[in-house]
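Listed next: structures, encoded as structure tokens.
Both of the next two complexes hold chain A, though its partner changes from chain B to chain C.
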Partner chain A sequence: MGVIVLQLFAVPEGKSGPQVIDILTKRVTSLGGVLSGSFMVDCETYTSVASLGATRSVHLLHNSETPASVFALLEAASGNKTVALVADNLFDLLMLKLSNFYQAKKQTKIESRGPRFEAGDFLVKLGSVTMGPAFKGILVEVEYQACSLPAACWDLIREFMQGFLGGCVPSTPPQYIQNRFGDMLGPIDGINQYLEQFNAFRKTTGIR
Partner chain B sequence: MEDFFTNNSVCVSVEAPAENLVQEIAYDGQEVFQLPLTLSENLTKQAHKIDWIIREDDENDDDTLSATVTTEKDVEEESKKADFQTSSWPWDSVRNKLRSALTEVCVLADVLVIAKDKRYMVLDPVQQEQPDQRQLAQLFSKKRGLTAAANILLHGAERLKISQSDTARAKSNQDFHLELLRLRQSWTLKKIGNSILGDLSYKSAGSRFYQTGIFEVTKSEDPNLGLSTETTSENQPKQSMIKVTIPTELGGTSYIQVTIQKDQDILCTTNLNLLHTSLIHSDHSLDANPWTSKLEAAQNVLFCKELFSQLAREAVQLQAAIPHMVVGNQITASLFPGIQLSIHFQSSYSAGVNKRQLVSNSTSLVAKVDHNYILEHSLHQLLRQVHLNNVGQPVPHPSSAPLGPTKRRRLAGPHAYDRDELLLMTKNESILEQIIRQGQHVVLRLRTMFVIDSIAREIRDPLIISHWNVLNSPTLSCVKIIIMTHGYDTLQRTALVVHVGEKTLKCVCRDGRVLHMSYEPQELRDLILCQISQHQINAVQSLARFLGWHVASSSAHLGLGPVEPLGNASSCILSSPSGNRILSVRCGPQAAQPQVYLSTYPRHDTVKNKVLKDMRWEQLNTRYEEVRLEKIEGRNFLSRMELLMASLTCRPPMSWE
Partner chain C sequence: MASNQNPISAIDMLTSALRSNIIPNQEYLLQGSVIDSSAEVLHNRLRGLCDAAETGPETFHDHEMCFSLKASSPGGTPQQQQSFLLRVRRALDHPEYPWQLRYLGQPELGEKNQPTVLRSCIDIACTPNVVEFLSELGCRIEFEYVLKGYLFRKGRMKVTMSKIFRMGQAKSPDSLEAMTGSYLVELSLLAPSGQDAVADEIKVFAEQLRPLVHLEKIDYRRLQSYS
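Up next, the complex of A and B:
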């Protein structure tokens, strides 16, 4: 129950992914972060078969922070909003049963994986995004667990993030957070941001 | 041949009597005779009687005897022929028979006439042959028959005797079955071989205790039936046909006793073997059946044994800061330093021995056994909860969901619980831990009550009112403490809420401060004293505003003056409406009463001299002088202050005109 902000960290030229993670790890630990395990967020996509009409995709995301849940996001048909569902782990099996209607696209399974740090009320996750064997980029997630309202804590989060990420953090919140600045956020909002980022990663070839 | 026939076989065809048969007798005595058969009727009747084929053979027997012996074929031919012959003149044999019959009858008539004459023929009776005199056999057969009959009768008589005279025995048999039926309504019984066994354990409710509670039901020998209906005094148990045998280790009665003690009492109570009064008496008049109390007591013993063995196992397994002690029938766990929770398993099995000990112990000092019934009940409930969890599976909604997970686990998915919450769900607390927590809460609650009550007793000036919440859990209670002054409760009320947990107190003050305190009672006491002192100052400020005085300054945590041993002093400075009086009030947590100082102006001791010419120097305040509050009339501090302020409110002095 906190505000989750995702930040893309551009990989500087000449450095590899693990090197960048190392650098960021050092910065976070110097800020007082304590390593507490690792995390993983992954996304699978299922598309509907042609017989159902217009093709829509369902994205199934798992987050190691909420190991008992599966997040299913149905892509917006034109004009509608994305439908989000938080379900138990058995939902994966349900999707297998729906293989006649929604088929999995294994090639586009994308995941973000890396170490997890706790610094007081902050949770910092440095994730390297990979799609299959290919490395796509670095995604940093910061969660401020003490507050669920972005309007109340955006400044604090920004300051904290700028402390170890430097100038790449914009002063204005990301579009997703801006749209929901006065609302209470939950785990599903973090997942939505992940989906946006993953979609952007899918579209680009090479490292972002 | 004819001789043969006439001597040995008398062919007499008897005709119908001349007398006609009486068909009916009319009501007036007249007899209505059956009319004799007409000739044709008679003839047909006779013809029906004749067996045509045999008679025909017999007629031809003399002539064709050899022929019949030799071949059947001839006989067939003969019969065919006879048939053929008879068909041509069917009445031939009839005529022959009739003629022979006539001959016979004539001869008989002649013989009878001659015999009647008695001249040539006399009829003499013939001596019948005596049959063999088999008397003995007859006797025996008669005797046998008679004995058989007699046996049947005797048997029947016996049965009647049994059913009539021995009604009591029949009833007793009936009683046994009736009682067995009643027993079966409350307890599970099985018939194994010849014996009836029952089960009084909690296995069907989910218990996994190793001890089986099997009891045996038998017919009781020699009950005093005659006495049962007459002497049913209160103390005498009702007689029953059923004898219930319970296993020896479940005999007697037992209970679990939970006490919370301070250190010094430990030595006394470990040797204590006092029996609770409920162990000795048993209210028979209430029991409909004498076996009920016996079985229930045995079941209770089993339950207590299971509970105690579970607790003992957990006590040995759990790692606590101060290890739990398990000695014999007693488990000792420490709740707080110096306070112990002890759980005894009391059993009255060897009642005789204990009674003796009871006599000797009653003279010893610690005679009062401090049962904590609530904790005992809690223990029972906790074990029952364990049983329920063993048996019951929560029904999933929707019903197609898997059966295993609990409701909370099922909700964890859709609610996106994170890892910490999931981990919390998996933690299972043992019974001993739970009862220790409850015991700690009991102690803490009692302490808090004691602290609040003692402060309320000591300090009368602001009144301390405490409201305890009605709804609370075994591990959490809340109390709202209100500090107010009598008569000025609308003016100022200081409220604080104290949440009493197991080892900590959480205090939420009205201004939003949340304080976490430990189990030491002194901390709460200090807090309340500080709150009281702040209340006094706040109340004085409100009173001042009410009376028109101005609050010149106030400070909740004063940095001036002597250092308070506890907390901080608070003070305020009030000035009168006209401005010529200044009151300074200071209140510290340890002080019994606030201190009030007054300063007035103009200074009377200003010496008019060449330097201080101006009027304004006279308007400086004098030194502060202490006001002796105890001399002022008033019920409490605030009323005295009110009186003081009211009396000090006066028109400005005219001295500076």
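Up next, the complex of A and C:
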């Protein structure tokens, strides 16, 4: 349990995704980060069939950091509410059984995958976001594991992030974190941010 | 916490688990009932036959809700609606336990020599907002009830002796009225499909409970024709 912040890192002109990951890897390791495996967060979206009435979407996300859990985020028909259910891995099997009611669009499956670093109380994950074969951008995840309250540690997180990401890190926290500045955050908050970012990636053609 | 060197996607893990047939998604089931006046004798027999005889059986007090998801087939009559049933169960005596979401397929009675009812079954632990989730998914609550009873285990088999209570008008778990003057007895085992040898294990155990209770395959279609 900790505060998770996602940061989009724009790919500079003339550089490829793997080159940017290399550059960021060097910066993180010079800050004391130790490579400890790799991570993956993926998202598959299921949409309700017409005979069920108003369209609803279920986003199924998996995070290698919580391998025994499945996060099911349901966008309500009215559009202004998302219900986040956390369940066992077998929930995937249930969604497959619901294929007569909710169907997956294969081409919208999106994932962020890459190396994972431990730097003291920080976890840094450098993700290359891909949708099928297409590379969409770089998404960096930073988790400060020692604290679950953004109000108590945002400044520390920002300083750490600016140390290897530079000026692209704003001085104000992302809107999602601002709305929950005084609340205790957990894995579901990281997942909600991933969904926001993945939806933005899906709407962009080319690299974000 | 160290992560995998190369994480496999959850869908790939599930597909490989399904192919290796290691997911326990089949329920082998026998059911019966015993009237209240004879329940204690059965309870003692089960205590003797099952595991953990010294500590005694676990009690449970659960609230179960049955939801259905219906979609009308295009141009079809209401009878042609596809229906998908899901059950949500929570422990009233342990509010901190995860809630259970359960999918049950159509029960198959099979041939006369098939010892137990067979139905596909997926049990999923989840967070308490599952009712809100299912409502937004398009499910409607069909019925609900409270079950109070005892849970025994024998190896991989599970035996429950429980009383069913109707939810009172106040819809609170405290206002309960018993639906019958008997206990429902269920003997079940969850295993991956194709392990039919376990059905014989269940049949042998069921024989040991006769004549206190007759556990048998219940044909739900015949029950529906009575109502």
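Rule of thumb we're sticking to: the second predicted complex is superposed on the first by the 204 of 208 C-alpha atoms of A that agree within 3 Å, B and C clash if a C-alpha of one lies under 4 Å from a C-alpha of the other, contacts with A are read in each partner's own complex, and residues count from 1 in each chain.
The criterion applied here is as follows: a residue touches a chain if its C-beta (ideal position, glycine included) is under 8 Å from a C-beta of that chain, and two chains touch if they have at least 3 such contacts.
Since this is a predicted model, take the numbers as computed values, not measurements.
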- Which superposed partner A:Gly163 touches (first chain B, second chain C, both, neither): neither
- Task: Could you say whether A:Pro174 touches chain B, chain C, both of them, or neither, answering first, second, both or neither?
- Result: neither
- Check the residue A:Gly186 against both partner chains and state whether it touches chain B (first), chain C (second), both, or neither. first
- Message: Just checking: does A:His62 make contact with chain B only, chain C only, both, or neither of them? Give me first, second, both or neither.
- Response: second
- Scan A:Val70 for contacts with chain B and chain C and give back first, second, both or neither. both
- Give one of first, second, both or neither to describe whether A:Gly17 is in contact with chain B, with chain C, with both, or with none. neither
- For A:Asp92, select first, second, both or neither according to whether it touches chain B, chain C, the two together, or no partner. second
- Between chain B and chain C, more residues of chain A are touched by C
- Message: After the superposition on A, what does A:Ala84 contact: first (chain B), second (chain C), both or neither?
- Response: second
- Item | Set of chain A residues, in rising order, touched by both chain B and chain C | 64-65, 67, 70, 86-91
- Contact residues on chain C for chain A in the complex? 1-7, 9-11, 13-14, 18, 23, 25, 69, 71-74, 82, 84, 101, 103, 122-127, 129-130, 132-133, 136-138
- Within the complex, which stretch of chain A touches chain B? 64-71, 86-91, 186-188
- In the complex, chain A touches chain C at residues 36-40, 42, 44, 48-49, 51-53, 56, 58, 62, 64-65, 67, 70, 72, 74, 76-77, 81, 83-94, 97-98, 100-102, 111, 113, 116
- Complex contact set, residues of chain B against chain A: 401-402, 409-410, 412-419, 422
